[in-house]
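In the two complexes that follow, chain A is the common piece, with chain B as its partner first and chain C second.
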Partner chain A sequence: MKLLLANTWLPTSAELHLFSPELVLTGTIVAVLLVALVAGRRPQLSAMIALLGALLGVLATAHVARVVGDGGLGGLAPPGEPPMLIADRFSVFFKLFLFVLLAAIIWLWLTGTIERRMRATSRPVGDVGGPEFFVLLLTSALGMMLMVGSLNLLVIIIAMETASLPSYAIVAADRRSRLGAEAALKYVLFGAASAAIMVYGVSLLYGRFGTLDLGAVAQASSLWSHQQDAGATGTDWLFCLGLAALGVGVVFKIAAVPMHYWCPDVFEGAPIEITTWLSIASKAAGLGLLLRIVTTLGGAAAGGTHHTELLAWAIGILAAVTCTVGNLAALRQESVKRILAYSSIAHAGYMMMAAAILVAPAGTAANVGISAVVAYLLVYLLMNVGAFGAAALVTWHAGTDHLSAFTGLGRRAPWIAVPLAVCLFSLVGLPPLGGFAAKWFLLVALGTSAAAQPWLWGLVVIAVVNTAISLYYYVRIIRQMFLTDDATLPRLQVPFGGLALVNVCAVVILLIGTLWFSPLGERAGRLASNLYVQPTPPALTLQP
Partner chain B sequence: MTGEAIAFYLLAAVVTAFALGCVLASNIVRMALCLLGTLGGVALLYFLMAANFLGAIQLIVYAGGTLIVIVFGVMLTSRAYGTKLRVRPLEMIGAAVVTLALLAGLTAILVRTAGPVVSPSTPDFGVAQIGTELLSTYLVPFEVISVLLLAVMIGAAYLVQPEKK
Partner chain C sequence: MEGNLLNWIIFLPTIAAVLCLIVPSNRAVKVIAILASGVTLALSLGLFPHFAWWGQDAAGIFGGAYGQKLYEVTKFTWITLGEGDNATPIQYYVGVDGLSFPLVILTTVISFLAALASWNIEHWKVNHGVRGYFCLFLLLETGMLGVFCALDFFLFYIFWEVMLLPMYFLIGVWGGPRKEYAAIKFFIYTLVGSVLMLVALLAFYFYAPVGHRTFDLLKMATDPEIQQAFGSATFLGWRFAPFMFILLYVGFAIKIPVFPFHTWLPDAHVEAPTPISMILAGVLLKMGAYGLLRISYPVLPMVGPEAAWPLAVLGLINIIYGALCAMAQTDFKRLVAYSSISHMGYVLLGIAIMTPAGLQGAMFQVIAHGISSPMCFFLVGVIYDRAHHRDINRFGGLWLTMPVYGSLATVGFFASLGLPGLCGFIGEFWVLIATFSANFAWAKPAAVLAATGVILTAGYILWMIQRVYLGKQREEYKGFPEVSFREVAILVPLAVLALVLGILPEQSLFRFMNGTLNQITDLCARHGDMLTAAVGTFARP
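Right, the complex of A and B next:
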């Protein structure tokens, strides 16, 4: 009998080091479960372990950041095979981003439990928590990290499911809430349909190119385009269809038009911690994956082909429609959660605009779009954690997130109202706030690339017009806080932890908009440089 | 026409008929039965293409496992059992338009495309080799799926556990 294990490849410890953030996260999931088994169901203990895991994850990622050299490293596949997982500065950025966000979300949850205990007698606020809640939250984070850290289509599919399936469950974490159950059902149906379409698209790509590696797919496709040298206008429709179907899954994660219908309902029905998590993490991971796909296809095409041009147009149009639809729909909302949901759709649209740049023909600065998105995401994280955190504090107190709950907040709770106003003005993109810096880098990136793709000026105009539209609904909330008042409403007693979170976000936004304006751009540019590129392209045998 | 081609077309016709039945039936039990026919037919198609392992998995997981869960679900939720699921004419027309457009588009694309650009690797995989591949080349997806299944199980248990007090 043959000893199979002796011949089987096993990952080396250097490779495992490279992916220690994922391993730390998996270890945290196990720890949360096992400790609950021994110490009993104590939600706060689970939260503490999860928070500790997130902080350890930050350390592990910082360690990886030093190991990852220029160009990134791939690994966890037998020699000769394309890597299953990759680690470059871009994926390191996303891991750090998600760990920091996880810590903020858990902090918000801890604040929420204190708040809930304080008013346990007054009104029944849903009981959200327990070890399962944190296991699900951490697993969805693991999925999002893997989404941005792979070029293998199979891993990407599984990663997206790992991000999605636990999210469906935690949306309904408050089991007493009918709205939550309805939101989870809508989410799961939309998610299942888009996942099915995506898997179908990947099967088409596999059938066309015989490989699951995105790098190899990109090379085969660009080789095909160059062989059809008759004006390079031959269109590989099967490739386009596969890519479009794959895109449906990605667009669902970003919640861009036309897969955005789930977003407001889910954001309204979910516990507000989860709304914050989904509005930032799910979109960031989707955008990261989109950028990864686009740069891989565009990078292999070297100079751009007919297909990459089509892809850029498709992304550009979707981005323009997404931010316009998001902003127009937000105008008529009365629920602050829904306003912020539509605002997040609009911001996803702005960020998607940058993805249309990346396939620009050579000559423009490399990865200028990625660096714009990295800068935007950093600011977006702060703005949304701040805005949702402030909304959470008010919502827990008032029991509703209707606009009227914010009446007179400037008098009743200035330490919430002022940072919330800062976050909202920053979401508009007014100077001297972080949101202005983010929009500035985005528009500059679009403008400089417009030399090669003149239609990018159209996106610039649309972004600017949309910024003006969005001013209306953000200012509506601010007006409700400062210009209307009802003297009978009492002052708000809010836990210190929540105030600290919201105010830190506001202060950092202010700093980014002023002192850290150019450091932000430089950092983002460095993070976006040196994307992972497969060192040895697999040999291809083309069939006509 | 070879015997293989005849078998393929016969099986394909059976699968299509069952799939249509599944969509068009109004009784949920009949739908489940038609689904069994569809899934079983696809398994036979796999066997015909000498993908024995895939065929067996299809029978065990889909025809066996998933379908039984669906039937149990139907039987246990007594209200759904026996009710007729009616589709409004407008929805029927909309669905027909979408599916026919999809069918036409897919057919047009598949007819135009010559074949795979890169020929896939040799498909003579035995069970032993599939096992080895799962634990070497596809180790990462395999492990991530384990975490995913654990989380999904926990999530399902979390959602159905009884409310305290």
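Right, the complex of A and C next:
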């Protein structure tokens, strides 16, 4: 026993400090559960605790951000071993992102309960709550945070499942909703299948390289590629297959083509707070993971290899197809939730384009792809919280999210209609709104990298053409709000909390598009610099 | 930095738009809007001293070469792109030269008159949301002025897009029966054009050699290294310069609008309320031509000779097809809309041949049409306010009922027709002689064909005047009140401008802009020569 303890490695307190956001989140989960034991089932209390936890998490993340400072740090591994978890600016950004989103979602939920109480007679839409709801929400957030903060394939799988399993359940949080149950079932089936494929891919990678550390895998594969390049260019099919299978899981999280089928149904069936959560957080985490994988593989293969080129093409094509499919499918939807679901698929496509930048062009300090995605995600958070928040306010009131519920909103509730219009135009990417700034940085990143990969210009063209296509369905909502009216419809009474949320989003979007355009780019560039990389390449022998 | 005159001109309408949201009554909103556009007009007149041609020679006003002499320049870094040594500023860079100056004046004049024309908004069919209307109207004015003043491509793009949203709502909310269709059609057409421009914007930046990268439109046009790079690069397998030219061209052609991208225009014009039609025809269409002259030709002069005959052909199609369509219309407003298409064909033709006279004629036509077509649209609006229909065949003898209106209408429509002595004549005539004397094999037949457009124009306008204003007085129109003081106040300035431009073209317009236009021609000619030397050309020696 004594021997065992001596050999057991324990993380130091400095290392644990790095992961205080996760610890805070775990603490909050426990607190929500325990308080419910003592105080009984009081959803609002649980919500308050969760909100408090999210805000504490922001503080903890700010603390970590100071510690991380300039360089990426690894942690939770015995000395000399590749770390299980890493803390660098990129993962800190994601933690902050998720905490802020979490706070916004809980705020939206609180607004919703007020709204529901206001009209207690009508059948409440999306009646969800209780401690279990918040425990599930917080747990999926924990999983997503871990997803972006690791290079270990095993940790990635565990994180992904931690993120997914609670999500399946909260989609059906409204127990009386048949649509919700159907959505949850679809989600769980798709999720289980893709998780299985992903685990299979990881097992292939492990079999091929004998390590679970992605950094080591990347170095080994690029080593192999360079050996091959000396002679003939060969393709390491086992590596490719493993990577592709791993990608299935990631693509499922992002809801990109071809793993996007679950997205509209689940978004439609889930309570709107959860739709907002999934549309932003799940995609963000998936993208973060994708970028992490891609930069690790691309970074190891200095100057690019046959494999990284293949990977870049694959991601580029997937991205192009994803945003085109998302936009085309959205054109004929009648449900606003579905429109926004397809829109989120399209936006995932735009962001994935940045992941196709595998070879960092010479003379750029920051990783341009990551910085573009960081900027995009920041704006995307605001746009979607604003759009879904406004849609939620209308949906709670009308009892449906059909387009017709938005008729004459410009007159009936200008303080919802105008911010919603701002968010929607921003989603199109029209200046002078934040959405344009986001798209601009994305296109600039593609253009910068086109020096090394000229075909990225093709993605630029596809992205802008898609912008024009997407205009149509966003404008359908705006048309319904401002261009049509029905004088019999009364004015809308909406809770102040909801109004505050959507209007703040709209104002910040407007500011980002004008005065904060430059700061957005600079901040994103800083967040994307100094990613964690393996300090010393471990010597690896290739298995034949 | 030479003071903030231009910034005030651009952003005063925005400030007023915000004010419109705050003030209590609808009447106050209207007063603010008209005051703001009036003050903007007054401020823009303050640009005149810079271009005062009396007592100065052209070189003194316009500088020696393109981009050398600008007025009321404001330039500061807005966004920094890249980092370290590679950092490139995206600038807030505005200024006026001979190309933009007349258009700025045109914009402020037309905006002011359109604001006046909006005074009776309470009597429109859709008469709610006065506040919103004027707020959007003023934002639109900022967008338009910004486009004409921006000298940074990025800034140009932003203003270009900023214009879209107000226009969509102005047509979509306050428009006629098919307003939703017209508004979305306008929106999508223009957005398609502008996203293609966005590709060009990015490509211009990234294809310039490192260290020379810029968004400054003047620097792009004059930096030899950038020009060299643009001339030799390839883009996705195609030659860079023609590809970019096409991308930009589509964006601008949609705005002009050139066949086959013209179909949004009749819909938008017909459905838009009268003041918005005035702005659409008077200013928005001009942006396409301005874009060609400010961006396409100066930055990509090497494409000019190759693009000459396709653009000329398209211009001819516009002239003749537009005129024939106009002839077939029974809706008064549609007729004027198609006549715009026809008139803008001369602009494209004049630009395509790239001679000094061609550009001068094209720009003159731009301004002339910017005066005559808002006038025509307002004339149609006046009659629509009274009759509540626009069917040409149901009118007749209006001159007898409303003599003042009839006389002013004749001036407006004759200006549009191109009667000598009125503004429409000079532009068309300049373009025709320039085309006839151009150095292309196809130039003379093209000029002859374009001249037939003049006959067709005369045909449909005279026929329309006959059906609407002449003939026997009809019973149902007898009680129509004569034009009000407000309506006269809108029509008379336009009529006076049409006359002055027609009689004193040199003093009233050519001298204010020819300097810059000739510099652009020089710029293109220099590159044309280089191209001739390199690969041969369509141009005949």
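Keep in mind that, in the parts below, the second predicted complex is superposed on the first by the 523 of 544 C-alpha atoms of A that agree within 3 Å, B and C clash if a C-alpha of one lies under 4 Å from a C-alpha of the other, contacts with A are read in each partner's own complex, and residues count from 1 in each chain.
What we mean here is this: contacts are C-beta pairs under 8 Å (C-beta built on N, C-alpha and C of every residue); 3 or more make two chains touch, one makes a residue touch a chain.
What you see is a predicted model, and the numbers here were worked out from it, not measured in a lab.
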Task: May I ask you to decide whether A:Leu430 touches chain B, chain C, both, or neither, giving the answer as first, second, both or neither?
output: second
- prompt: After superposition on the shared chain, which partner residues are touched by A:Ile197: those of chain B (first), chain C (second), both, or neither?
  reply: neither
Message: Quick one: is A:Val475 in contact with chain B, with chain C, with both, or with neither? Answer first, second, both or neither.
response: second
- request: Would you check which partner chain A:Met351 touches, where first means chain B only, second means chain C only, and both and neither mean what they say?
  value: neither
Task: Counting touched residues of chain A, say whether chain B or chain C comes out ahead.
output: B
- request: Check the residue A:Ala47 against both partner chains and state whether it touches chain B (first), chain C (second), both, or neither.
  value: neither
- request: With the two complexes superposed on chain A, say which partner A:Tyr168 touches: chain B (first), chain C (second), both, or neither.
  value: first
Message: Quick one: is A:Leu459 in contact with chain B, with chain C, with both, or with neither? Answer first, second, both or neither.
response: neither
Residues on chain A lying within both footprints (that of chain B and that of chain C): none
- prompt: Touching chain C in the complex: which residues of chain A?
  reply: 363-366, 411, 425, 430-432, 436, 443-444, 447-448, 450-451, 454-455, 457-458, 460-461, 464-465, 467-468, 471-472, 475, 479, 482-484, 517-518, 521-522, 525
Query: What does chain C use to touch chain A in their complex?
result: 78-84, 86, 128, 157-158, 161-162, 164-165, 168-169, 172-173, 179-180, 183-184, 187-188, 191-192, 195-196, 198-199, 202-203, 205-206, 210, 235-236
- line: The chain B residues in contact with chain A across the complex are 105-106, 108-110, 112-121, 128, 132, 135-141, 144-145, 147-148, 150-152, 154-159, 163-164
Task: Using the touch definition up top, name the residues of chain A that touch chain B in the complex.
output: 4, 8-9, 11, 26, 29, 33, 76-78, 81, 84-85, 127, 130, 132-133, 135-136, 139, 142-143, 146, 150, 152, 154-155, 158-159, 161-162, 165-166, 168-170, 172-173, 175-176, 207-211, 216, 220-221, 223-224, 236-238, 241, 540-544
